[in-house]
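Chain naming follows the written order as A, B, C, D and E, and within any one chain the residues start at number 1.
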Amino acid sequence: MSQQPASAQNTNAAAAFDLECRNINKDFDGFKAVNNVSFNVPTGTFFSILGPSGCGKTTLLRMVAGFQTPSSGDLLIKGKSMLGVPPNKRPVSMVFQHLALFPMMDIAANVGFGLRQRGVPREDIAKRVETVLERVGLPGVGSRHISQLSGGQKQRVAIARCMVLEPDVLLLDEPLGALDLKLREHMKIELKKLQSEFGTTFVYITHDQSEALVMSDQIAVMNHGEFEQVGAARELYHEPKTAFVAGFVGEANSFTAKVDSINGDAATLVSDDGLNIKGHDASGNLQQGDKAKVYVRPESIRLATSANQLDNVENLNQGIIENILFNGANSHILLREEKSGGELNVAIPQTGQFRDLTRGDKVYIGWEAAQTRCYKES
Amino acid sequence: MSQQPASAQNTNAAAAFDLECRNINKDFDGFKAVNNVSFNVPTGTFFSILGPSGCGKTTLLRMVAGFQTPSSGDLLIKGKSMLGVPPNKRPVSMVFQHLALFPMMDIAANVGFGLRQRGVPREDIAKRVETVLERVGLPGVGSRHISQLSGGQKQRVAIARCMVLEPDVLLLDEPLGALDLKLREHMKIELKKLQSEFGTTFVYITHDQSEALVMSDQIAVMNHGEFEQVGAARELYHEPKTAFVAGFVGEANSFTAKVDSINGDAATLVSDDGLNIKGHDASGNLQQGDKAKVYVRPESIRLATSANQLDNVENLNQGIIENILFNGANSHILLREEKSGGELNVAIPQTGQFRDLTRGDKVYIGWEAAQTRCYKES
Amino acid sequence: ETLRLLTWGGYAPENVIELFEAETGHTVEVTKSNNEEMVAKLRATNGGGFDLAQPSQDRIAGAQAEFDIYKPIDLSKIDESLFIPSMLEATKGNTTYNGEIYGVPHVWGTSGLIVNKAEASGVTDYLDLCDDSVAGKVSYRLKRPTLIGFAFSMGLDPFAAYNDEEAYKDILAKVEEKLIECKPNVKTYWGGGDEIKNLLRSGEVVAAMAWDTGGWSLNADNPDITFVAPESGALGWIDTFVLPKRGRADEAAYAWINFVMQPEIAAMITNSAGNFTASQGGDEGVEDALKARYQESFPPEAVDNIKWYPTVPANLETLEGAVLDRVKAAN
Amino acid sequence: MNSVHSRLSLYLLFTPFLLWLALLIIIPHIFMFLVSISVKTGVREYVTGLGNYMVFFTEPLYWNTFARTAFMSVSATFLTLLIGFPVAYYIAKLTRGRTKTTLFLMCLIPFWVSELVRTFGWMILLRETGIFSSFLQYIGLASEPIEFLYNDAAIMVGLVYTSMLFMVVPLVTTLDSLDDSLIEAGYDLGGNGITVLREIIIPHAMPGIVSGCIVVFMLSLGNYLTPILLGGKDSLWFTGLIYDQFITRFNWELGSAFGFLLLLLSSTIVWAGLKLSGQSLTNTVGR
Amino acid sequence: MIRTLPQSNTFKWTYRAYVTLFFVYLALPLTVVCLMAFNNSVFPSLPWEGFTWAWFFGDEDPFIGVFNDRSILRSIGTSMFVAFWVSLLSIAVGTTNAFLFVRHDFKFKEFFYILMLLPLIIPGIILGISILVFSNAVANNLENATGMWFDGLRPGLPLVILGQFSFIATFATLVISARLEKFDRSLEEAALNLGATRLGAIRQITLPFLFPAIAGAGVVAILMSFENFNTTLMLVGSDAPLTINMFDRLKLGSTPVLNAVSLLLIVVSALLGLVSLLFQKRDKSS
């Protein structure tokens, strides 16, 4: 109760952002877990931080929650610096990776925990708990025990437990990590819906790109403690700014290649296997003779049974089908490119056109230079 | 060593099948965990059993391995009945869900365990262990400890431990279940490759349809202890025989509807929401007035900004985009059908044609009756 | 043979054992204990587990009647000439049950007072322990000798009342009252020899009812402290040799008895245990210092005044136990 | 095949269990009960009856000792919990790695020597001329020797000391199993030290607390040396009475009756404790 | 309240001071006992009379050191003998009990499990006297019936061993079951599947897995046996284990040789404890 009015005042004064991080650093005995990270999260948006295991996501989030102190930098919530504010006084709530529901209490007590701490009267608590449980789609479960809920229901209780406090920012640390596949798919959509319903700012961390892509308004891709790129899902997927983002977000065939010639953005390269590649200089600083990383998405490669079907593409090659990975709408072909002997992963179009290709068939493959993104290798 | 010659003789005599199950049943105190299951696995194939949790997959596999006794039915390996043969005398090996590598032994001792039980001389064991480790791509790791291997490497050691015994059939019980997402994708392909290299018959169980679809020559879909359909991946995906298979294998929009009229295979139905649907009677026994389950795959639904783009489709409707689930090549739209108010999941074509649709847009959607599979509801 | 000896501390010193083993070829295993425990152990083992035990002479006939744990002594195997005749005869008399003799004497000694002369020279009898001048600085055991000692000190004669239960109860009632009255004076009821020696040596206790040997060993350390025979008479006990009913090494047991009663050996034991033995001439080889202390504590008239324990009737200890319990519980 | 095998191995495994349980636990206690209801009427003469129990109920001394032992044991248990809990918490939650192992080890070391030695050490420390008293005089806090020994406080010190391990170890184990994120969640939702302790930590540690309390209580109740050696002239302990009956009074019958009563007492208090805390024997001491 | 939460400095330091005080409390009596082992006085208490090794190596009356004190050495031997058998019996029965309760389902299992736990809530002295009373009755009856002697049923080492075993077996069962509980049964099935026999699988897979717990239980049993007093006191015959011997000595007045023994005990049992801890470590890492 106490911090609500204070932060509300600040909202009017300064902040269009619910959360601002300014040059945050975190050293662990000389190891830089978070390196000079700055970002702003606009009010009411779903902001994801995506990165591989160990890149510093949890550390960053725990600094926001107050469980760790930044080595340097500032951290503002609704325009108010949080440095020195203990975790139980910050207007943020957190959904933990394993949810951290209290097994010694029933569900109503779990959800009401925060309100009790604020000294809200008993009847009010009961009312507000029931309301929030209804909003997450679990009316009437209050008297049940945690162990009587399914994984997805627990998830929603954990969110309800935070949302009942009406936090300015909700932090979520890989909350779907422990769920099984089908449930995960389902909860992705569910979470997104809950967020738009509550209108609360979500900061979500994950190492699963599909989670981030599906749910987020904004995604920050993190690697080795630094933000590589911040943007909307499509931006990251279609216009990755760095080699890391191109490789990490979405599937991609990758080559290492040498720049043969460069003309504005258009680059001609030769891969290590000897494949000629025409590509687009995405890093903007390629020079002749540079080593480069080249990425082509499986769905950017088009299949054809004759060369003339692929007239307008800059890269045209032939390959032999080695393996068909049938997976319904998401089927792929693994083929071996003839000239270089490299393996390529090609998406089979959903149209059903190439349904009867079989192993050993020879096909033409082609992709456009514009969809061939080249990055200078550091 | 001892059983090898015996089973070899039988091979010549009778069996084109490595494993035959004939009317296998398993009761647990009146609960039918496996119900009259029969199937044959041809030599050298990759056979998967796919089904939801609790459907009886593990029970079935454990009967094959000899850890459980069928209540009735027969079970033959290479044409020889296995009833009454204890697990340590059966020519099958099993890869367990959590691999069950022996933590008190190093890798060579793990892989050599079975050979030691057979009394193979020490030097022979060492040789054969090294050979099989090379075949699974892990030469020279023999002296390492289990904990020094990555998840994928452990997987391969578990397979090597079985393969060194040259079993007639290798049983695998969700061996990828414990791995993380990216590694799982990778191991799917790896496992398939290993199988074709060894040429051994694999019987693989999983609840993850994409694993089954990608790897198997034949898939049996299991539900409530029974086999619903056995067939190749494409068959199951494109021509599911039962409502359960249609819903379980691959994504699908489903409706419950009532049959309005029926003409041969062509059915006209009205969904509970009031949507008119033209479909294909997949169960072959629909009659007017029947309740039916109707399935349409997201990628079968075509999008259009004007009605005339969808001329030739039997089902034409309009909807408002509620949510765009961007996931690279595998993006979907959630939309609300105008007339019925039902929610539909539509795949966005990889072509990039509909890339700039946004929430709230109104679109036309259509799908063919042939891709609208209707099943009588029991 | 192995001789399993159940005895008191000091009665089987290492050097004696070594001599014995060298001479006879038997080996000796010593278990140190006290009267009650000896009887309790033998009762629990039904007279087994040990080959020779050394309870006091008053603990033999009664225990034999109740538990049947000893076997009669074959006097022909014992060299009676090694014993002081009067003690031998007295012991024989006291340890006779159903016409059989069960014990021969070994070590004798007394209970009396140990007093720190510098601090509590006024303490000359048990009752003086209850004097205000030594309040909080006295100690005694909560065991039967204390009851007996206080009774004598109060002018009563408990031994005379041994076989008259009513009279004995009467005496006990008076003693109980006195002990309860005296309780505030007591620092603690001591239980072990170590404890009382530490208490006296550190000066935490200045007067105590205890064994004579304790006083003498403290005297060696601090001349102020010594054993005093109380005016009403020290309580005299004789520790004996008895054969447990199911002892297995009788041969070695008799050999041990005859061996340790030799005067030279007896003197070694006296030097070790601090107490004199029933060995004829055994006091000759005793250290002079010890003799001196003995003589200081026991002027001739005090020797005559020693009250020797008669045999304890079977049922008596239950009565005494109840009194002791009540004293302990009183506040 | 499975069932035959498992039947056979069940019998094979059950035999040693049953032998152990019957011959060393159950039947001896039945015999003890039988002895306790035989009343001595004369030399080597006994009749069956409840006389021994009557003695207990009519003699206030026995009663008082019984009650006092129970009360002191319960107090010692609470005291041990009170002192041990913060330490266990410190070890479980505020240290890690080598420090944790070291501290944990240090908790164990005192218990690797016999109780006798520990008690002996306390006597050297507490006596009037002992180390505490000398030290207090040395630093001028006391003008004359102070007796710390021979009172109930000394008994408490000794009992708590003797039992500490059995409280700290189960507490450390259960507290270790408390996920840090639960405490963090408690704070994150606005809790403070006290509420988190009350609502999260203690409920979680309950099995460990109860387990520790049961063991400590049993150890205190069944202790013999500590109360005898450290306690003063008024100190009575029920095990001491049993010991007396067996060793100095040769009265096995009354001793057995006392033993049986002590067993009854311990079972009752343990049972009451379990009921009050809502735990079961199996999930506490049975881990 | 945990490392990751900010704490005020006062709180942090008060807490540390408390914990330090606690460990001082733990260490004090033992330190004192150990120091007195070097006191050049026949009394194990103050005043300090100077340093000596006599209580370890002395051979001159009254300064007889541990290593020249026959009865102490003998009772150490007795204690080791007892501890050996107790731990052997305990881990044997503990292991079978663990298999019984973890692997099998039978009628009244819950009830039997509680019976198995009973020794934990029976005071040691009562275990001692009940076994004493029982064996005494059996021996009396047998002797009356046969006229032979049954010394094994009278107080003595066999009874001491059985008495200690009666409750240490419960501890061993708990320690070993805890580990067996964690055992993944599919490891055994894997062994069967690879051709091992049932017993072969248990011998090659399960027992090696249990080994750390079995060894740990053995060490705990040895320590408990060594230090047990209450039960032993009631059952001991002529061969006294160390604690009983020390108790007898203390009653009769002792020299600092007892402190010296204690010091040795502390060192040895600390080493044993460390060994068992190492086992646990290894078990965690695997």
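Going forward, a residue touches a chain if its C-beta (ideal position, glycine included) is under 8 Å from a C-beta of that chain, and two chains touch if they have at least 3 such contacts.
A quick note: this is a predicted structure, and the numbers were derived from the prediction, not measured.
Look at the CA centroids: the one farthest from the centroid of chain B belongs to C. Of all chain pairs, the one linked by the largest number of contacting C-beta pairs is D-E.
Taking each chain's centre as the average of its CA atoms, chain A and chain C sit 90 Å apart.
Averaging Cα coordinates per chain places chain A and chain E 56 Å apart. For this pair, chain C with chain E, the centres built from the Cα atoms lie 36 Å apart.
Between the CA-based centres of chain D and chain E the separation comes to 16 Å, rounded to the whole angstrom. Touching of two or more other chains is recorded for residues 127, 129, 184, 187, 246 of chain D. Within chain E, the positions touching two or more other chains are listed as 4-5, 45-46, 132, 250. Multi-chain contact residues of chain C, defined as those touching 2 or more other chains: 191, 198, 202. On chain E, the positions that touch chain B within their shared complex are 184, 186-187, 189-197, 200, 204-205, 208-209, 285-286. Remark: chain E residues 4-6 touch chain A in the complex.
Only residues 5-6, 9-10, 12-14, 16-17, 20-21, 24-29, 31-32, 35, 83, 86-87, 90, 93-94, 96, 101, 103, 105-118, 120-122, 124-125, 127, 129-131, 134, 161, 164, 180, 183-184, 187, 193, 196-197, 201, 214-215, 218, 221-225, 239, 242-243, 246, 252, 255-256, 259, 262-263, 266-267, 270, 281-282, 285-287 of chain D touch chain E when the two sit together in their complex. Those residues of chain D that touch chain A in the shared complex are 179, 181-182, 184-192, 195, 199-200, 203-204. Contacts from chain C toward chain D in the complex involve residues 36-37, 39-40, 43, 63, 65-68, 143, 183, 186-189, 191, 198, 202-204, 314, 317-318, 321-322, 325-326, 328-329, 331.
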